[in-house]
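In what follows, subunit A forms one complex with subunit B and a second complex with subunit C.
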Partner chain A sequence: MTVMRDTVVKSLAKVTVQGDENGLIPEYEVLVNLLPVALLNSFAERIMAAAPPERKAEVEAGLVRAAYECGYHTGCGIITSESFNEAVMPMVTEGAKDILRGAYAAFTAWGWAKAGIVQLKEGERMVIRAFDYYEADSGGEGLRAYMFRGLSQAFFDLAYADPYPDGMDTYVCQQTKGLEVGDPYGEFIVTKK
Partner chain B sequence: MSLELNFSLDDKTFRNFLNGHPVVRHSHHYLCLITKLVEDLSDIGGPQILAEVVEDSIRTVLDDYFQQQGTLSEDERMRIGEAYFATFGLGKMAASGDRTGGEVRLQRSHLDEGWRMKWGERDRPVNYLACGFAAALFGAAFGLPARSFAVTEQEGMVMGAPESRFIVRAA
Partner chain C sequence: MSDQFKQILSLEQKDGGLKGDLSSTNIADLLQFLSSSSKKGVIKVVRHPDKEQGQVYFDGGELVSATSGKLTGLTGFADLLGWQEGSFRFFPGVDAQNRTVGLSVQHAILEAMVSMDHGAGNVREQTAAVMEERGKDMEQAVRGATEVMNDLLEVPGIDAVVIVGRDGFVIDSTGSSLRVNIDVLGASLAHAVNGIEEMGSELSIDHFQDLFIEYGRSVIMCKPVGDAIAAVVTPDASKLGIIRHKTKKLFLELGQSF
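Right after this comes the complex of A and B.
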């Protein structure tokens, strides 16, 4: 049995989070936050708009990096968590490939994006398509799913690079299509750096 | 009056909602790096942009909630704002003041504690996010427009202080 995506999505989507008595959400070896999508999208839009042309690449890289490090550290906590262990691990029969499928199911279940892997060459290349992601609602110009790129790169590093925490920055993710520019879906390609 | 929480999930998109507003989860790594990014962009107003974005987006959430709840006292609004801060996982906030300004204290802080976990202490405050949140809270509590309050962080847990302290002044 490989990972049954819809089953995993439905199972993980039931997990809700909110701050404890200290106003903190300590989970997956990190502090989790739960923020309005409008805040995150508006920040990306306004900081990119404020950057002069010669610094836009630097700002874009910073936005991707924030998502990447979040995804790498939190992703490790997620795929070793009790909820992931219960929902996904019983279906894993194909090692890293199945864990990656499970990670994208979590990606969907937790509201980041309705997305899945459409091509996978293990350890070399992955193509993901997303039919809904919150960054598609953002204002601005051009392809701008910075969070999606960073998280996808992180997941592939976790699956195929050196074991955590030594595998950072092995792969890179580029966005080739986007709902935000009128394409029917977002498309993201992860390759070796 | 306590904050009522209504979490919901769109069955088709799997987007998450809190009291009707789409929300998404990230970690302290994300907010720490976003904060570092805006500091690196100080010459183009990075920290102010972050604080204003937070003020505007949180203000929308608070205004919607207060409108749905009907008549609330200013004190009730302050307490609800504090509860939202905690619900978002941003820490434990205590706010006091009036329409001329006041003070905000954080006994726990997602950003400061996350920063220390990631990079250790530093010698100056870092919580532009809480500055924006406090500005939104005071504006919404007293029914004043955006940018009515200027918020300055005086001490931060990231500096080793036992709690973070912010001064709020009418702009």
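Right after this comes the complex of A and C.
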């Protein structure tokens, strides 16, 4: 047995991701903002367009960093939640690898990205393929799935790096293909920094 | 296939017999064609350049006997299937003098493929070696998975190819599978393979290597490729033997990508 994606999606899709009176998703105790994806994409596009050429890499790193911070804390909330414990943990037989499978199934369940693991060398490298993600239809130039890069890096840190806070930034995620540039899917590779 | 063979064989018939070259076909294809169109006979093969000889007798769709040099029976037949260069000649109406195989042609091809797998040192060991190599540098895959999948789709009889993660995530697909709900197919395959692997584990009979699911004349063939599962769909079960033969290397190659 390993984590079955469809089972996880069916279970987690029932969880409400609306914020409570404090703006938190009760299940994960993380802040939720129900804003359109277009807002993030538009912000990213404009800030990148406004950056001078010599600072574009820095701005891009900032966008990925923002996603990383979000992904690290939300990811931690997800994999330690009761619903994850009930839906995913009984199927975990391959440790961190299965937890990552479950995490990407959770991504899909909430419509954040339709993505999954293609290759995984434990603690060293992971290749992910995504058929839909925030920036898939965004404006701008080049590969620009900042959100997905940050989230994937965060998930790998949570799975294989030291516990918070020492384990943060152990890994880095690069994008090699993107729907936004006409590729048939987005491809992301996480490796040690 | 039949048009191809009719062309090959009719050209050679002018020379007084059915003969040809292994560069234009292979023994599995040839045997399937001849056994479906002739009642019985023997295919005699000479391998180039070492002039090793082999022969295959069939009768009424049954592979009666086979030899390849000193090898006989299914082992000899499996060896013959690996011959790449040489010439063949078909003699119709000839009876075998002994019976060393005694399986239907399709079944014999399938069994020979399994025998070849084991003879070559076990597919799993080969895959493990490939995985180890991959571990050294996973980025240096020889060809991309999409390219290998397209080659699979070129194999006669294969209608669709799907690569599914162990969790049921559909990594890639090509061919007519695009007509169906691919996510449902991926989930179903992953559930089936997980169940089968659990059964193998309970029975302590090694890991799953092949899975064939028959639906009337259609067959879905599944194989592990790296950490994923490859499934090919064929609408014609009679081509399964040749499909296994022609896809073996491609599956191993595909395993390097997952």
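The working rule: the second predicted complex is superposed on the first by the 184 of 193 C-alpha atoms of A that agree within 3 Å, B and C clash if a C-alpha of one lies under 4 Å from a C-alpha of the other, contacts with A are read in each partner's own complex, and residues count from 1 in each chain.
Please note the rule applied: a residue touches a chain if its C-beta (ideal position, glycine included) is under 8 Å from a C-beta of that chain, and two chains touch if they have at least 3 such contacts.
This one's a predicted model, so the numbers in the text were calculated from it and none came from an experiment.
S.K.: Should A:R5 be classified as contacting the first partner (subunit B), the second (subunit C), both, or neither?
M.R.: A:R5: touches subunit C, not subunit B.
S.K.: Tell me which partner A:K121 touches in the superposition: subunit B (first), subunit C (second), both or neither.
M.R.: A:K121 sits against subunit C, while subunit B stays out of touch.
S.K.: Give the label of whichever partner, subunit B or subunit C, reaches more residues of subunit A.
M.R.: Larger number of subunit A residues touched: B.
S.K.: Which holds for A:V17: it touches subunit B only (first), subunit C only (second), both, or neither?
M.R.: After superposing on A, A:V17 lies in contact with subunit B but is clear of subunit C.
S.K.: So, A:G62: does it touch subunit B (first), subunit C (second), both, or neither?
M.R.: first
S.K.: Given the touch rule stated above, what does A:D132 touch, subunit B (first), subunit C (second), both, or neither?
M.R.: first
S.K.: Could you pull out which residues of subunit A sit against subunit B in one structure and against subunit C in the other?
M.R.: Looking at subunit A, the two contact sets are disjoint.
S.K.: If you look only at subunit A, which of its residues touch subunit C in the complex?
M.R.: 1-6, 98, 101, 104-105, 116-121, 125, 127, 129
S.K.: Quick check: in the complex, which residue numbers of subunit C touch subunit A?
M.R.: 135, 138, 165-172, 183, 186-187, 190-191, 194, 198, 226-228, 257-258
S.K.: Could you list, by residue number, the parts of subunit B that touch subunit A in their complex?
M.R.: Within the complex, subunit B touches subunit A at residues 5, 7, 9, 13-16, 18, 21-31, 33-34, 37-38, 40-41, 44-46, 49-50, 52-54, 56-58, 60-61, 85-93, 107-108, 110, 113-114, 117.
S.K.: Mind listing the subunit A positions that touch subunit B in their complex?
M.R.: Within the complex, subunit A touches subunit B at residues 9, 13, 16-19, 22-25, 28, 30-40, 42-43, 46-47, 50-52, 55, 59, 62-63, 65-67, 69-70, 73-74, 108-112, 114, 132, 134.
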